[in-house]
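Consider the two complexes below, in which chain A is the common component and chain B and chain C are the respective partners.
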Partner chain A sequence: MTQEFLITILATAITAGTPILFAALGELLTERSGILNLGVEGMMLVGAVSGFIFAVKTNDPWLGVLAALVGGGLMALIHAFLTVTLQANQVVTGLALTLFGTGLSGFLGKPYIGVPIENAFKPVNLGILSDIPFIGPVFFQHDQLVYLSYIVVPVLWFLIYRTRLGLNLRAVGENPASADSLGVSVYKVRYFYVTLGGMLAGLGGAYLSLAYAPTWLENMTAGRGWIAVALVIFATWNPLRAMLGSYIFGGIDAFGFRAQAMGIAIPSFFLKMLPYIFTILVLIMVTRKAMANRVGSPGALGVPYDREER
Partner chain B sequence: MKLSKKILTIVFTLVLAVALVGCGSQEKPKAAEEGKKDAATDKLKVAFIYVGPVGDGGYSYAHDLGRQYLVKEMPDIETTIVESVPEGADSERVLTELAEKGNKIIFATSFGYMDPVIKVAQKYPDVKFLHCSGYKTADNVGTYFGRMYQARYLSGIVAGKTTKTNTIGYVAAFPIPEVVRGINAFTQGVRSVNPNAKVNVVWTNTWYDPAAEKEAGKSLLETGADVVAQHQDTPGPQQAAEEKGKFGIGYNSDMSKMAPKAVLTSAVWNWGPYYVNTVKAIKEGTWKSDQYWGPISDNIVDLAPFGPMVPEDVKQLVETKKQELIEGKFDVFDGPVKDQTGKERVAAGQKMSDADMLSFDWFVEGVEGTIPK
Partner chain C sequence: MIKLERRAAPSSMGLVLIPVIAVFLALITGAIFLYLNGLSSPKGITWGQVFAVYGGMLDGAFGSTYGVSETIVKAIPLMLCGLGVSMAFRMQLWNIGAEGQFYMGAFGASWLALTYPELPVYLMLPGMVLLGLLCGGLWALIPGIPRAYLGVNETITTLMLNYVAILWVNYFIFGPWKDPQGMNFPLSKPFEPSAVLPTLGSSRVHFGLVFALAIAVLLWFVLKQSRWGYEVTVIGESPRTARYAGMNIKKNIILVMFVSGAIAGLAGMAEVSAITQRMQQGLSPGYGYTAIIVAWLAKLNPFAIILVAILLGALQVGGYSVQTTGVPAAIVFMIQGALLFFVLGGEFFNRFRIVLKNQGKVEV
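Here is the complex of A and B:
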């Protein structure tokens, strides 16, 4: 395996993993606040289509990104209203939002299928950084959204583990009643992070339609939202591990295709299965309370909070 | 308090559901008043079910172009579409619903609808079912498909003439006979004009994942191919070619719009004329159940217009070959045909039978890659 081959695989793993990464970060924040969001796929699609429409109309991809954030955020706001205020079943609501988002994005995007986009995000060199041997071509010859993800990941990590805001977030996800008694507004925190999570899912969708593909086709996320949900468990609710996980999930396809193209026989189904096996192992682990605390699984995940039921 | 929240939740979910239905089917027939079934004034109702969204820019899109052609040619009929219908049990429900709503002709456009079609057809003997790409028939069920391999052969000629590296990539969905036949026909076309070229195959194991299929196209272009063909339901591989400044051959429908600098031509489905003929025959009562595998002479498969980069002599050559195919002077798998190991599979002077073509499970000489078992 030559070095050039390795560089291509790793660089592709990053671009292929970035849409999953953004969505997974969003889901991670949402789940940290104790709300399960199974609508990621729908939110990504709404983000992808609204981003694409605005980028085409205004000829500015950054306005597209803004529209994707708003689109994904609005979808998540519906989720927050249903699950936080109305205390609806989070699984059902999430699934409904995925169906809704798929239909809505298909409807909105109909006139934009196959429309070429002039100003898609393109790789930007970062001067010295991009010239570092090996590291440069792998990490620093991508588009701006990838660089944005490099910033978002450590910021979120710092937020969750090193700030008072993060402590509140974790408390709300772990034991909302205790957090409430200490004066943390459970509703506000949950509304905020569910919405933020949807915005990040929208951004993940926009990465597909504005940088990776870049085009709009119905249902173009092709299940990446679900991978993001699995990935959060894989990453045990930690942004840094989510980053690593996204690149593994993304890199597996890239590696499989290139191995085939070079005539190396690789059992592609087996490769695709690996991350999920690990996800299942983590799921088994977190069924034990002691283990769950250690890996950071939010204790109140999926349980609606009602002040009157204390 | 508790109760009102519950009610609000239900109302909200209902609103979402209704909005979803509103988005899903944009071609709703104007609700023909039930009970007023006056044959003279009622329009003939024809329904189509698609496996993907019409917006896939590929397979289902091509079928819908056919439907639009039908509506234009026969304005006195009324069509309904249902898109993204999963193969299997779900399609049975959709088929029943469409028959129940008074559709007299139903086109089921994907292979996996086969058994549901047969089942539902037994319950509605006065409804005609046309199933695309299957092999089971009944008195009111016919099958239809086109000899896409002939168009693929022609597109192979263009690829063989274009390649400079003598390596052509082929992004393929699943190792089923239809896909294998396409790869083989394409390769026959390539090798008819360029015996040194090879066709390198990558399997994606998806029909519909634009990003992954683009990635597969890229991997071929990065490992030496300078033209990439495909058997997928999306234009992903062509967009990879566009990005890399290389060439691509589209499939399903004309993909030049999605990758204008890359697409040499596309092997396309042209379902319209078949839909018109079939609906007319059923209307006039001359239709009989059969298994239709339409050749290029029926115009059911074709090549999309060439891109501006294709030289005149290549266009001429393809045109000549197309004419010969139409007139039946030769077919794609006329012997001698050798497999990858060099073993002769079809002897000189022999023709390959339809049965053999429909069960292809080996690659012809010139294909690089394996068929996963």
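Here is the complex of A and C:
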């Protein structure tokens, strides 16, 4: 394997992993607050379609990103209202969100299938950083959204582990009753992070339609939202590990694309199965390890909080 | 001041009223989106035209004998998949892999029909049914076994396997099974007449309806009358109680996942045998996902599942019939998703009543 080929694979792993990374970061925040949102796939699709439509109409990809943040956030607000305020079953509500998002994105995106986008995100050179041998072409010859993700990951890590806000977030996810008794509004925190999570999922979707593809196709997320949910478990709710995991998945995706060019005679259908099968295997391994080490999900994950029942 | 009070028992009025109101609100949501979407198109839209779309959907689904039979045709896989997932949901097992189990059932049945086309009908059809059940059931065991023994989250694994199953089937119809006379379309050869389920008269309503009704009765009986049904219900409601009572939870998880997948697999067998009569791409327009809504809307009651499946089958047929007027068929999935939101939200009012403090109680 030549070095050039290795660079291509690693660089593609990053671009292929970035949409999953944004979505996984969003789900990570959501779950940290104690709410499980299985609607990631739906929120990503709504983000992808709203981002694409606005970018095409305004000819500005950043307005597309804005629309994707709003679209994903609004979808997540539905989830927050149903699960936080109305205490509905979080699993089924999330499924409903995915089904609704799939339908809504297909409905809104119908006139935009095959429409070319003139002003998509393109790789931006970062000068000296991009010129570093090996590191440069792998990490620093991408588009602005990839660079944005390099900033978001450490910021979220810092937020969760090193700030008062992060302490409140973790407290609400682990033990909402005691957080409440310390004066933290469980409902507010949950609404905030569920919505923020949806915005990040929307951003992940927009990355697909505005940078990675860049085009709109029905169901273009192809299960990436679900992979993101699995990744959060793999990442043990830690943003840095989520980043690593996303790139591993991106790498598998990239490998599937390029294996045939490498002369590996496996039918493409089987190569396309790799990310899904890998997700299942990772989940099995992570669950075994979690059982052994007793590191688990946030204590109150999936349990509605009812102030009256304190 | 407004206060919430937990109801001692769900309101019986609510049990009937909530689904009805939810259907109504979901249709209104769809109408609003149709209107807004129409406004942004160059031709514009009036509310009259929005209602005409619904009129067209209703007419498409129930307005003719053909419409009614198509509604039932679409409802059959929804009934079977809905019955399948309801079994798992009852035990709080979130099997959302009915789509993949459906495809694998269809795959198993097609394998027999294509590999041994000379089999006589009395061996062929029972064999296809058996393989449909088996393949769907075994496919559900892949996530079922890790769930039972290691507690691996079945929601994600069942869903991941949907993609794998569809790719698996596509490999065959784009490759080894491809019909040489199929003009390069991703289809298998057509089945022999011995591999086609009988239909009702000249309509497309097929024997799968009998499967669905029989399984509904069987499930109802098992859940209400048998010890096993009782165990499943107890495990679903309180795993701790079940453990104290000495019930084998692991064994039941595996059994329920198998049964759940097998019923979805049977749906795939019926569809491929009676409707397409060959394996082809896009065999299911998302039956396995719609089945989740069917099961939840029906509150997991087997007979209610039959009725709700017909309702959502009608929505699909209606959606297809207005597609010619330029309304995207995706509106159907949107309305279905919205429907589930309203049902989920509505359950709140079943659990709580709204009370005005220091004043008389106001029932909602």
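In this section, the second predicted complex is superposed on the first by the 274 of 310 C-alpha atoms of A that agree within 3 Å, B and C clash if a C-alpha of one lies under 4 Å from a C-alpha of the other, contacts with A are read in each partner's own complex, and residues count from 1 in each chain.
Convention: a residue touches a chain if its C-beta (ideal position, glycine included) is under 8 Å from a C-beta of that chain, and two chains touch if they have at least 3 such contacts.
Just so it is clear, the model here is predicted, and its values are computed rather than measured.
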Chain B versus chain C as contact partner of A:E218, first or second or both or neither: both
First, second, both or neither for A:A16, with chain B first and chain C second: first
Chain B versus chain C as contact partner of A:I113, first or second or both or neither: first
Chain B versus chain C as contact partner of A:R288, first or second or both or neither: second
Contacts of A:P154 with chain B and chain C, given as first, second, both or neither: neither
Chain B versus chain C as contact partner of A:Y276, first or second or both or neither: second
First, second, both or neither for A:L86, with chain B first and chain C second: both
Shared contact residues on chain A - chain B and chain C: 78, 81-82, 86-88, 92-93, 96-97, 99-100, 103-104, 106-107, 110, 218, 222-223, 269, 272, 308
Chain C to chain A touching residues, read off their complex: 4, 6, 33, 37, 41, 94, 96, 142-143, 146, 150-153, 155-157, 159-161, 163-164, 167-168, 170-171, 174-175, 289-290, 292-293, 296, 328-338, 340-341, 344-345, 347-348, 351
Chain B to chain A touching residues, read off their complex: 1, 5, 8-9, 12-13, 16-17, 19-24, 26, 52-57, 61, 84, 169, 200-206, 208-212, 214-216, 218-220, 222-223, 225, 234-236, 239, 257-258, 260, 368-370, 372
Sites on chain A touched by chain B in the complex: 8, 12, 16, 19, 78, 81-82, 86-88, 92-93, 96-97, 99-100, 103-104, 106-107, 109-110, 113-114, 116, 208, 212-213, 215, 217-220, 222-224, 253-254, 257-258, 260-263, 265, 268-269, 272, 308
Contact footprint of chain C on chain A as seen in their complex: 38, 42, 78, 81-82, 86-89, 91-93, 95-108, 110-111, 218, 222-223, 226-227, 229-230, 233, 267, 269-270, 272-273, 276-277, 279-280, 283-284, 287-288, 291, 308
